[in-house]
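Here chain A shows up in two complexes: once beside chain B, once beside chain C.
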Partner chain A sequence: RRVHGGAVVGVCYDQGVLLAADTVGSFGSLAKLKHVSRVHKINDMVAVGFSGDLADGDCLLNELQNMVIDDSVLDDGTELSPRAVFCWLTRVLHHRRNKLDPFYNQFIVAGFDKKANKPFMGCVNLLGYSWEESIIATGMGLHFALPYMRSQQEAKSGVPFTFEEAQTVLTKSMACLYARDCRGWPQYQVVKVDGAGVVKSDVQYSRVAFKESADYIEGRNS
Partner chain B sequence: MSSIGQGYDLSASQFSPDGKVFQVEYAQKAVENSGTILALRGSDGVVFAVEKFVQSKLHRQEANSVTRLFSIDEHIGAAVAGILTDSLALVEYARDDAAEYREDHGIPVPLRVLANRVADYAHAHTLYSAIRPFGVNMILASVEAGIGPQIFMIEPSGVVYGYRGVAAGKAKQTAHTEIEKLKLGDMTCDDLIKEASRIIYVCHDETKDKPFELEMSWVRAEEQKHLRLPDNKLKEADAHGKQALEEQDSDSD
Partner chain C sequence: NAEYMGGHTRLSEGYSILSRDVERIQSIGKNCVIGQAGFHGDNQFLYKVLQTRAKIFEFDHGQALDCHSTASLLSNLLYSRRFFPILSYCLVAGVEQDSQGQWKGRVYGYDVVGSFESRPCEATGEAGTLMLPLLDNQVEFKNLGPNAERVPLTRERAVGLIQDVLQAATERDIMTGDFGQIVLIDKDGVQQRRIPLRRD
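Take a look at the complex of A and B:
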């Protein structure tokens, strides 16, 4: 049993990408660490989020952050692109899978591709398998968030989400995850990536009304 | 310099009868042949200025391909005088060392720790016959919370001292005279960029030296990062330096 993180949810919209993950580090069924950050800014173009083993995730995040410092110190006007981070993570994860010693994570790489002038989002898992998609959810999000996100996307018939629509999809996905995932947590962080840069929000909270079970709950107001 | 090695200058592992290690002295000579660099410590940061000789008009400036200002970590800047390739090696060592410290300790390396470690490395190259000393003076500067702005300079012998203002290279004597006149503690970086530029322009010897370009950077309390001067600031400083030179020339007519 090791400390692990829950779902990470990512939604692309016309101008950028939104990534969200709750702030709990679970130790089996124990909500051990309440203020864990699982979505991170890498540089002005890229953000990552990870679920799974937090030690492994932090290790790779630390490597990425060192790579960013190396870039900035070199002062040659280049920085890691979203695809570069995506490729690097894929190669490292796949390499460890081949040694039967995986980094036990699923990463979402969210970025703004400045050359193509388009948002970018991709997912890499512990097998080193990676794919690009405009909606991604890891862990329990696969079951609870992704079907909802897909239905919302299909309703748009190929037109990308607007920022407001993406926010709604994200908020509802995070609320659903808190309500249904036993290891879920209402407190989460959101990272927004667009052409202007990467912005990490303050902590947000899911508001869930347990209407069906209200009758069964006895409390101060009953 | 008239003292000749007379056989005691062939390796750094030998003292001369009058107590000198000639290889180190010769390394210092290499630095004295290089373009002037200086650093000034003000109230809110440190300013670097470099007299960068233009070796060829075909150099591409925007790639920073020819530069004597480097970032060691995000918060530490370095200016180098002397043999450029030796400087690049020393900068690379400093960068690796700073990165390792960050990994091991979880915090960015404090400037005095880095300066001492790089100085030790430079000193190590003065002990053996198999290798030669670095022909480099490296000025390191940073601004740290609770400490403020700091400058350290490492010499080929491996000594390292802290300074309020320092220069190295061709015109270091002239530059030091000018620096001593300034009340550095009362000046902000915005003031200092003008003074630094002025001193570089004044120290440049038009008759003997190649044409030069002014290269400048700073580390300020505001950003806590080593950054090249923004374009508008560099233009401002450059113009000030040129003007000061004209005034000096017209004064002496």
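Take a look at the complex of A and C:
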């Protein structure tokens, strides 16, 4: 048993990407750490969120942050692009999988590709495979959030979400995860990545109306 | 004088769909494509290595890798990991000029450790066993009765056949679906098209 984080949910919209993750570090079924930050800004173009083992995730995050420091020390005007971070993470995770000693995480890399002027989002998992998509959810989010996000996306018939729509989708996904995932948590953080840069929000709260539930469900008020 | 390769674009993990839009057929050089089934992580890794080796070859020799050389290279790459295999079921397809200067299409099928063979048609992956009998029957005219019509394979018929075969696989295999990626390779290069497949 190790401390691990739950789902990370990411939604691309026309101008950027939103990533959200709750702030609990679970130790099995114990909510051990309540203010864990699992979504992080890397540089002005890239943010990452991770689920799974918090120690492994922090280790890789530290490496990424060191790479950003190296970039700023070199001071040559180039930064790590979203794809570069994505590729690096894939290679590292795949390499460790080949050594049969994985980093036990699923990472979502969210960025705004300034050259292509398009948002970018990709997911890498502990087995070392990666995929790019405009809606991604890791962990329990795959079962709870992703179907909802897909139905919203398909209702738009190929048109990307607007920022407000993406926010709604994300908020509802996080609320669903809190309501349905045993290891869920009502507090979460959102990172917004767009052409202007990366903005991390304060802790937000899922508003779930349990009053509408059956009489015999009791204990949680929000 | 042309080759067609078809693949699907669904990435699944167990019973979940991770992505509906993952392209499995990618090009190496001008007249050659590689389609990969199996473990997606190893597929990506193998493609990167293969692409890098192809670039190095171009820089060293001043010409692009042709189809049989790519096939041979891939075989060696796969065998180099004989005792920790790259779980990638590859197909290499392309056109190359023979000694008379005629362009001929070729398909090479592989196993995970690199044994390969050039065949008139090949199918690989989870649904490969579903598609291969149909291809044997329509491309190589195997298992046809003496009076059955043997329709020669033109380009249009080949595209139709690949579409039918992908649809058939989608109907029966849970991991296949979403979009079919159909790639035509001829002496002028590679063209791609997509067809919708069942999304269930």
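The definition used in the following text is that the second predicted complex is superposed on the first by the 212 of 222 C-alpha atoms of A that agree within 3 Å, B and C clash if a C-alpha of one lies under 4 Å from a C-alpha of the other, contacts with A are read in each partner's own complex, and residues count from 1 in each chain.
To be clear about the criterion, a contact is a pair of C-beta atoms (placed from the backbone, for glycine too) under 8 Å apart; a residue touches a chain by one contact, two chains touch by 3 or more.
Keep in mind that what you see is a predicted model, and the values were worked out from it rather than measured.
*Asks:* Return first, second, both or neither, reflecting whether A:94 touches chain B, chain C, both chains, or no partner chain.
*Replies:* Only chain C is touched by A:94; chain B is not.
*Asks:* Given the touch rule stated above, what does A:129 touch, chain B (first), chain C (second), both, or neither?
*Replies:* second
*Asks:* Touching A:189 in the superposition: chain B (first), chain C (second), both, neither?
*Replies:* Neither partner.
*Asks:* Given the touch rule stated above, what does A:143 touch, chain B (first), chain C (second), both, or neither?
*Replies:* Second partner only.
*Asks:* So, A:15: does it touch chain B (first), chain C (second), both, or neither?
*Replies:* Neither: A:15 stays clear of chain B and chain C.
*Asks:* Who does A:153 touch here: chain B (first), chain C (second), both, or neither?
*Replies:* neither
*Asks:* As a test of reading the superposition: which chain, chain B or chain C, is in touch with more residues of chain A?
*Replies:* Chain A has more residues touched by C than by the other partner.
*Asks:* Look at A:23 in the shared chain and tell me whether it touches chain B only, chain C only, both, or neither; answer first, second, both or neither.
*Replies:* neither
*Asks:* Of the residues on chain A, which ones does chain B touch that chain C also touches?
*Replies:* The overlap between the chain B and chain C interfaces on chain A is empty, containing no residue.
*Asks:* Using the touch definition up top, name the residues of chain A that touch chain C in the complex.
*Replies:* Against chain C, chain A makes touches at 90, 94, 97-98, 123, 127-133, 142-143, 146.
*Asks:* Going by the contact rule set out above, which residues of chain B touch chain A in the complex?
*Replies:* 62-64, 67, 70-74, 95, 99, 102-103, 228
*Asks:* In their complex, what parts of chain C are in touch with chain A?
*Replies:* 11, 16, 18-19, 21-22, 39-41, 43-45, 84
*Asks:* Within the complex, which stretch of chain A touches chain B?
*Replies:* For this pair, the touching residues of chain A are 62, 66, 69-70, 72-73, 75-77.
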